[in-house]
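Each structure below appears as C-alpha cells.
The two complexes that follow have chain A in common; it is paired with chain B in the first and with chain C in the second.
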Partner chain A sequence: MEQPGLWGRVQRRFEGSANSVFIWPAILMVLFLSIFPLIISLYLAFSRLKFVPGGFEIKFVGLANFRKLLVGTEKNHFLGKTSHPSLLGWLLFVLFVGLLLLFLLRYIRGSEFSIGGLIFRGVIVAVLTLFAWLVIQTLSPGGRPGTMVITWVYVFVGIAIQYTLGLGLALLVTQPLPGRRFFRVVFLLPMMITPVGVAYMFRMMTDTDKGPLQPIWQAMGLGLYSWVTDPWGARSAVMIGDIWQWTPFMFIVLLAALEAQSIEQREAALVDGANRWQILRNITMPQIFPVSLTLVLIRMIEAFKIVDLPNVLTNGGPGTATESLTLHSWISWRTLDIGGSAAIAYSLLLVVTFFGIAYVNILRTRVAE
Partner chain B sequence: MKTKLGLSLSLLVLLSLIMSACVAAPPPQVQVVKETVEVIKEVQVPAEPDAKPYEGVEINILTFTGPQIAEPLQRRGPDFAELTGAQVNVVVVPFSDLYQKILTDVATGTDSFDAWVFAPQWMVDFIVPGYVEDLTEKIANDPDLEWDDVAPFFRNFSASYQGSIYTIPLDGDFHMGYYRTDLIDEPPTTWDEYLAIAAEFHGQDLNGDGDPDYGSCISKKRGAQAYWFIYDIAASMIQSQGTSQGTFFDTETMEPLVKNEAFAKALEINMATTEFGPPDELNLDVGDTRSLFTSGRCALSLDWGDIGTLAIDPDTSVVQDKTGAMILPGSTEVLDRETGKLVPCDDETCPYAIDGVNHAPFAAFGGWSGGINAAADDLVKAAAYDFFSYMAQPAQANVDVTIGLTGFNPYRTSQFLNRKGWVEAGMSPQAAADYLGAIEGSLASPNMVLDLRIPQNQRYQQVVLDQAVSQFMAGEITAEEAMEQIYVGWEEITEELDREDQLKAYTGTLGAE
Partner chain C sequence: MFERIFKSKSVLSMSPIEMTLSYILLIGWAIVCLFPIYWLAVTSLKLPIDVNMGPYYVPFVDFEPSGHAWEYILAGDLARDTRRNYANTVVVASVSAVIALILGTAAAYALTRFDYNPKLGAIGLFILCLALGIILVVIGVPWLLALVLIIALFIILLQTIGKRFKRSLGNSDIAFWLISQRMLPPVAVVIPIYIMFQFLGNAIGVRLLDTRFALIITYIAVNLPIVIWLMRDYFLTIPIELEECAAIDGASRYRTFVSIVLPLSLPGLVATFLFILVFAWNEYLLALFLSGAKSQTLPLTVAAQNATRGPQWWYMSVLILIMIIPVILIAIALERFIARGLLVGAVKG
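Right, the complex of A and B next:
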C-alpha cells in the first residue's frame, strides 16, 4: 500500500479535525456567555465592593457573605424566623419524612441498588428533611418564612395548582364540546403577556378601593380589606397572578400529550367497562407521566426565578412577606451590595440544582416502571 | 431786488458751510499710554444672540421616573436647545434603582450619562472616588445663578461637601404636615393631637362622594420613599438640643440611636396612624398619598412640599383653598440619651421648644440636585453646567416651584419672600402664607434635623431601616425586634466601613466637629 505523502498527511489531519474546528466558535460562545459570568459571580460572592478614590475595589472576604445569610444579620431575612411546630406541623413533617424513607426503602429493595446510589439518595433525603424542617418551623405560628421558604411556597404550591388546572382545562378541551377551538386560543392568551404587565394588571385588580373589581369587593364586604397589606393575602395575590399566567403553558403541553396518547388502550378499557376516572388514573396519567415530569421540571426551574410579580405588585412587602430569592438578590444588588447579591444568587443556583436532581432521581424510577 | 439779495446771501452762507465742511481736519495728536493689565480671572464673554455655543452637543441626564423632577427637565430642555444649541436627553429609572444605576455607570467607566439629578444625600459616595465634577469655580463666576439667593441650608447641605460645591440645587425638600382647613381649625402641634384628629375624621365622608374617607394618609410602601416618615416622628423625641446634636447616631460613639423609648414610641405612633389610614396604606407610595389628599380623601397627611402645590391644580385637586400646611408635629417628651428613657420637656431638655413642644422639622432627602459626571467631555460638562444653571436661575426656578407636577419645592430666599408667584399660580394669599411659612419655619428652626449623609447612607436607610420598619408595620416583627434589627444592621455597616471614618463623616455633616 502506497504511503501518503507529506501533503496528503497534512490534508488528512486537517480533514480529521475539521469537525472540531467548526464547533469551536459555538463552544467559545457558550463559555463566554455562561461559564465566564458564572465564575465572575462566584468570585463576587466571596468579595465585597468598595468605592475608593479613582474607582472601586473588589475585596476578597471569604465566606463572609454566606455567613451573613446563614447565621448573620441576614439570617431572618433569608431563612426566616423559626418557631416550635404545631401538632399539624409535626404531622406533616412526619408524613413527608415517611415518604422519603419509603423512597429510600424502595431503592434498597430495587434491582438497581448500589452503595454509591444509596449514599447519593441518602444525601438527597437528608437535605430534603432539613428543608422540610425549615419550612415547618418558619410557617408555624410565631415563625416567619424567609425569602428561601417564600420562594418554595411560590414554586411548589403554584406549580401544583398550575398543573391541576392545566390538566383539567386540557381534559376539558379534548371533549367534543362546542367552541373548544375558541377556548384553546383564549386559554393561551395570559402566557403571551409579559410578567410585568400581569403584575400591573393584578395590582389594579387587587385594589379593593379603586380597582376595576371595586364594586365586587364592596358587595362582598371587602371594601376595607387590602389583599396586599395582609402577608398571606399578598402572597396569594402574587401566586394567583403567577398561576393565571403560567397555567396556559401547562395546558398547551398537556393538551399535546393527551392528544398524542394511543387510543387503543382507552377503547379496550371502555369495552371492558372501565369508567372515566379509572381510564384517567390507570391509562391516561401513566401515558402522559413522562411529559408531565419534564413539564414540571421546566416550570420549576423557571418558577424559582420569580421576581416581576412580587416586585411590581408589592415591592416584596408588606414587610418581606412576598419577597422571593431573586427579588432579595435584586434588592441587594441595587443597593450595590454586589457580594451579598451574588451570594444569594449562588444559593438559589444550588437550591435549584439540588431540587432538579432530587426531583429527577425520585421520579425517574416511576417513569421506568 | 430784496429777493435777489436774500437769495445771494443764502447761497453764500450755504457755500461757506460746504467749504468749511470740506476742509480737512487737523491731524490728531498721538499719545502713547503705557499700561500694565493683570488678568485676575477668566471672563466669560456672552455669546452673540444668534450664536449657539453648544450646537451639536448632547447632554444625557439621568434622574428618576417622574413625572416629578423629570418633567421640568424635559420641558425646559427644548428652550435651552433654542438658546444654546445643546440637546438635553432625560433618561429616567425608578427611584430605588437610581443610586446603583449612577454608580455602576461611572464605576465601570461606561459613562452613559453626563449629568444626574439625584439625591444630594448620596453625594459623598460619588465625591470620594472622584466621579462628580467640582463646580465651585463655575458657580463663583456665574452671576446669573444668584447663588447667594439659594437658602443657606441648600447651599451648605445639598450642594457642598468639605468646602467645595458639587451640585446645583433644583428643589428644596422638607417634610411637613398638611391638613384640611375646612375641617380642622387648629392643626395638630403634637403627635398625640395628630392621632386624635385623625381618629375624629376617620370613616367620615370628607369629599362628599358618599364613601367613607380617612383620617391620615402616610406613604408606607417598602422599597419606595416611605422610610423617611418614621424619622418625622422619631426626630421630635430624639433631637432637642439643636441641629448639631444629630438624630441618627451618638456623635461620640457612632452608636445608633434606635434602641430607646423614643424610637419605640415613634414606631408605636406610626403603627397607630395606620388605623386611621386607607386599608392598603402599607402599599402606598408618596404619589398615591398625594393623590388621595388632593382628591379630598384625607384629613391629614405628611409629605414634602408637593401637596401644597398639587392642591392648587384645578384638574386634579378638589381641595383648592382647603389645604393648610404646618410644621411637623412635635413632642412634649424627649429622649434622655444617658438612660434611653423619655423625659418631659423643660428649659433644659427642650431649649428650642415652642409652647412646651419640641419640634424637630426633618429636611428629609435634601432636595433634588444636579451633579455633573467628571468623566464627560469638557464641552458637554460646560453645557450640562449651563443647563443646570439655567434651570436654577430665578426666571425659571421661580415658576417651576409653583407647579405641582414638577416636584420642585422652594429653595431660594426670594421664593419665600415674594408670595406673588404663588398667588398667581392659584394659591390663596392665606394658603401661600401657610405653605411658605411652614417651610420657612422649618428651615429657620435651630432644631432642624439634617438627613443622614455619610458614606453608603443608602444602605443604612434604604436597606436596613426600610426593611425593619416595613416588617414592623406588617406585623412580622415586634417593635423591640425592629429596633434590634436596625441597631445590629447599622452597627454592621459602620464596622465594615470603619467606625472612626463614619463618625468623622457624620459629625462633619452636622457641624458638630
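Right, the complex of A and C next:
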C-alpha cells in the first residue's frame, strides 16, 4: 500500500487478476488441443472419404454414417443381434426398470423437486431403460452382443471388480500388519507396465499350450481348451488383463483415502460393540464415498476407451466377440472408412458423456444431501 | 480359551486367525501381481527354442539361461535405438508430467477458491467464431487473415450483444468440461491433432511432427484433466482459515499458494505426479501417430518387437523390464508420501 509507483500498480493489478492467472493456462492448453480435433472429427463423422485421381476428397453425406451403424449394414456389428429374452432376462429387466422408477419416485417425493429436474431425470431413466433393453436382448441366448454392449460389459463388470478388489486390498494393508509397506509397493506394480506390454504379457499368460499356466489347464482337463477361441473365454481374458492392470489405481487412491480418516471414530465404535462389517458399512464407506465417486468416474472414462488389450490379445476375435468400440473405430479407420470410424467415435463420445452426466448428477447430488 | 485368543491389547489389532487370513489374501494377490513380471524376467533369459517348446519356469533347472536378448537390446543391434528411445521417453514423460502438474494444480486451486461464471452465450459465440474461422481456412482464406477476422468478430460480438447473455455456468461445469475432454477416444483425436501439427508446421514454420515437443504438449493436455480432478478434491481439505490468516498478514495470493497451500498438499501432489508420469511414460497410441524415427518412445519399441515372424517374446520382455525399473524406483521413493493421503480432501470436504 505504500508503493504507489509503477511497479506497485503492476503488482496490484497482477494480484487482482490472480483468479485468471491460475486457471487460464490450463484452460487454453486443453482448448488448444481439444476444440480442433472435436470439430474435425465431427465433420468427418458426417462425411465420406473418397479416393479420386491424384488424391482424395471428403464428401459430406449427412447422417449416412450413423444410419449405417444404427439400422444399416453395420447394425449387427455395432448393436448386435437381438433375440427374445429368456425368463431370467425379463426378470432382470423388470428389476432394473423397477429400480429406476423407484429412483424417480424418490426424487418426486424429495424436497428438491423441480419440473426441470424431473424432465432431466426422466430422460436419463428413459435412455437407461433403452440401454438395458438392448443389453438384455443381445445377451440372451440366440442373440449376439455388438461392440457397444461389449464395451459396456468391459466397463461395468471391470470397474465393479476393480473397485471391490481395490477396496478389499486397501482395507487389508491399512491394518497394523508387519510388512505392509512391501505389499503396498508390490500392489502398484501392474499399473507401471505399459498397456501394450500388458497386452502381450497376457497373450503369453493365456496361451494354454506354451504359457506358464499350462500345467494348471492340463490338471483341470482343459488342455485342449483355448481362451481365445471361445467368445466368453476371450472376453474374460480381456477383462482379467484390464482388472490386473487397473486394480492398483483403485487400490492406491482408496488406500490414501482410508489412511486419511481418523482412527478415533472406529475405536469408539469398536468399544461400543460394533463388528468390523458394521464399521465398514456405517463409518468407513460414507467417508470414502466422495473419493470413490471421482475415482469411478475417471476409471469409467478411461475404461470406455479400452483398445490395447483386445487388439493385441485377440485382435477383436473370435469374430467380433471381443471388439470394443474404440477397436471397432480403429478397424474401420484402418480399412479407410474414415467417416464411419469418426461416427463410431462420436457415438462413443455421446454414450460416455451420457453416462458421465447421469453419474455425476445423480450421485453428486446424493452426496451433497 | 477362544476368549483369550480373540482378546487383544488394542481394540484395533487383529486376532491371529484374522491375521493369518489377511496374510493369505495379501500374499495371494502379491503372487498375482508378481508372477507375470517374474515370467517376463524368465522369458527374457530364454532362447527362442525354449520359449516355443513349452512352459519352463526356473533358469538353470528347466533350461539354460542365455543373455542373448539383453545383449541384442542393450549392446547389440538395437542398442542405439534403445538408448535414443529411452532418452525420448525420459524427457517427454518427465517434462510433460511436471508442466501438467504445475498448470493443473494452479487450475485446481483456482476452481476450489474462486468463483467462475463463464457466460453460456459467450462460449457459444466463441465456438461459432472458431467454426467460422475453420471454414474460412478450408475455403482458402489465408490463415493469418482468418485468425484476425474471427478474433475481431468475436470481440465485436461480445462487446455488442455480450451483455444480453444471462445464463452462466459454475465451477463444477468447468470441471466437468475439462474431464469431458478425455471422453473422445484417442483414435478419433489423433488424426485431427496430426493434421493440426502438420498445418502449424506448414503455415507458421514450427516443425512439430516427429519432435519431442509435440508429444510433450499433447501429453500435458491429455493429463491436465486428471491432475485437476485429483487435486481439486485434495485442496478442499486444506482449511481456508490458514489462507485467510496469510492474507491478513499481507501475503499475496501467489505467495499463499506457494508457501502455504502447496506444502500442505505435498502428498497429493506427489501421488498425482506419479500417476501422470506413469501415464505419459506408457502412452502408446498418440506416440504412434505423432512421433517418427527421431522421437520414438519405448512403448512403440515394445510393440515393434511383434515382427513378421511373430512376437519376439524375449526382446519384448527385456524392453518391458528395462521400462518399468525407473518407475518402480520412483514409486518406492514416493510411496511414503502417498500413504499419507491422496484425495484426503474429498473425505473431509
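To be clear about the criterion, the second predicted complex is superposed on the first by the 336 of 369 C-alpha atoms of A that agree within 3 Å, B and C clash if a C-alpha of one lies under 4 Å from a C-alpha of the other, contacts with A are read in each partner's own complex, and residues count from 1 in each chain.
Rule of thumb we're sticking to: a residue touches a chain if its C-beta (ideal position, glycine included) is under 8 Å from a C-beta of that chain, and two chains touch if they have at least 3 such contacts.
Keep in mind the model is a prediction, meaning the values are calculated, not measured.
Enquirer: Hey, is it chain B or chain C that touches more of chain A?
Expert: C
Enquirer: Applying the document's definition of touch, where does A:225 land relative to chain B and chain C: first, second, both, or neither?
Expert: first
Enquirer: With both complexes overlaid on chain A, does A:345 touch chain B (first), chain C (second), both or neither?
Expert: second
Enquirer: Please work out whether A:108 is in contact with chain B alone, chain C alone, both, or neither, and reply first, second, both or neither.
Expert: neither
Enquirer: Which partner chains sit in contact with A:10 here, chain B, chain C, both or neither? Use first/second/both/neither.
Expert: The answer is neither, since A:10 touches no partner chain.
Enquirer: Have a look at where A:63 lands relative to chain B and chain C in the superposition and call it first, second, both or neither.
Expert: Neither partner.
Enquirer: Going by the contact rule set out at the top, does A:208 touch chain B (first), chain C (second), both, or neither?
Expert: first
Enquirer: A:118 in the overlay: touching chain B, chain C, both, or neither? Say first, second, both or neither.
Expert: Once the two structures are laid over each other on A, A:118 reaches no partner at all.
Enquirer: Is A:94 touching the first partner chain B, the second partner chain C, both, or neither of them?
Expert: A:94: touches no partner chain.
Enquirer: Touch check for A:130: first (chain B), second (chain C), both, or neither?
Expert: A:130 contacts neither chain B nor chain C.
Enquirer: Would you tell me the residues on chain A in contact with chain B in one complex that are also in contact with chain C in the other?
Expert: Touching chain B and chain C on chain A: residues 209, 333.
Enquirer: Inside the complex, what are the residues of chain A that reach chain B?
Expert: Residue list for chain A touching chain B: 48, 51-56, 72-73, 76-77, 81, 144, 207-209, 224-229, 231, 314-321, 331-337.
Enquirer: Write out the stretch or stretches of chain B touching chain A in their complex.
Expert: Interface residues on chain B, with respect to chain A: 96-97, 99-100, 103-104, 107, 125, 128-130, 221-224, 278-283, 458-459, 462-463, 467, 470-477, 485, 488-489, 492, 496.
Enquirer: Going by the contact rule set out above, which residues of chain C touch chain A in the complex?
Expert: My answer: residues 11-14, 19, 22-23, 25-26, 29-30, 32-37, 39-40, 43, 51-55, 57, 103-104, 106-107, 109-111, 114, 116, 127, 130-131, 134, 172, 174, 176, 178-193, 195-196, 217-218, 220-222, 224-226, 228-230, 233, 237, 252-254, 257, 267, 271, 275, 278, 281-282, 284-285, 298-299, 302-303, 306, 311, 313, 316, 319-320, 323-324, 327-328, 331-332, 335, 338-344, 346-349.
Enquirer: Please give the residue numbers of chain A that touch chain C in the complex, ascending.
Expert: Within the complex, chain A contacts chain C at residues 11, 15, 18-19, 21-23, 25-27, 29-30, 32-41, 165, 168-169, 172-173, 175-177, 180-181, 183-197, 200-205, 209-215, 244, 248-249, 252-253, 255-257, 259-261, 263, 266-267, 270-271, 287-288, 290-291, 293-295, 297-298, 301-302, 304-305, 307-308, 312, 325-326, 329-330, 333, 338, 341-342, 345-346, 348-349, 352-353, 356-357, 360, 364.
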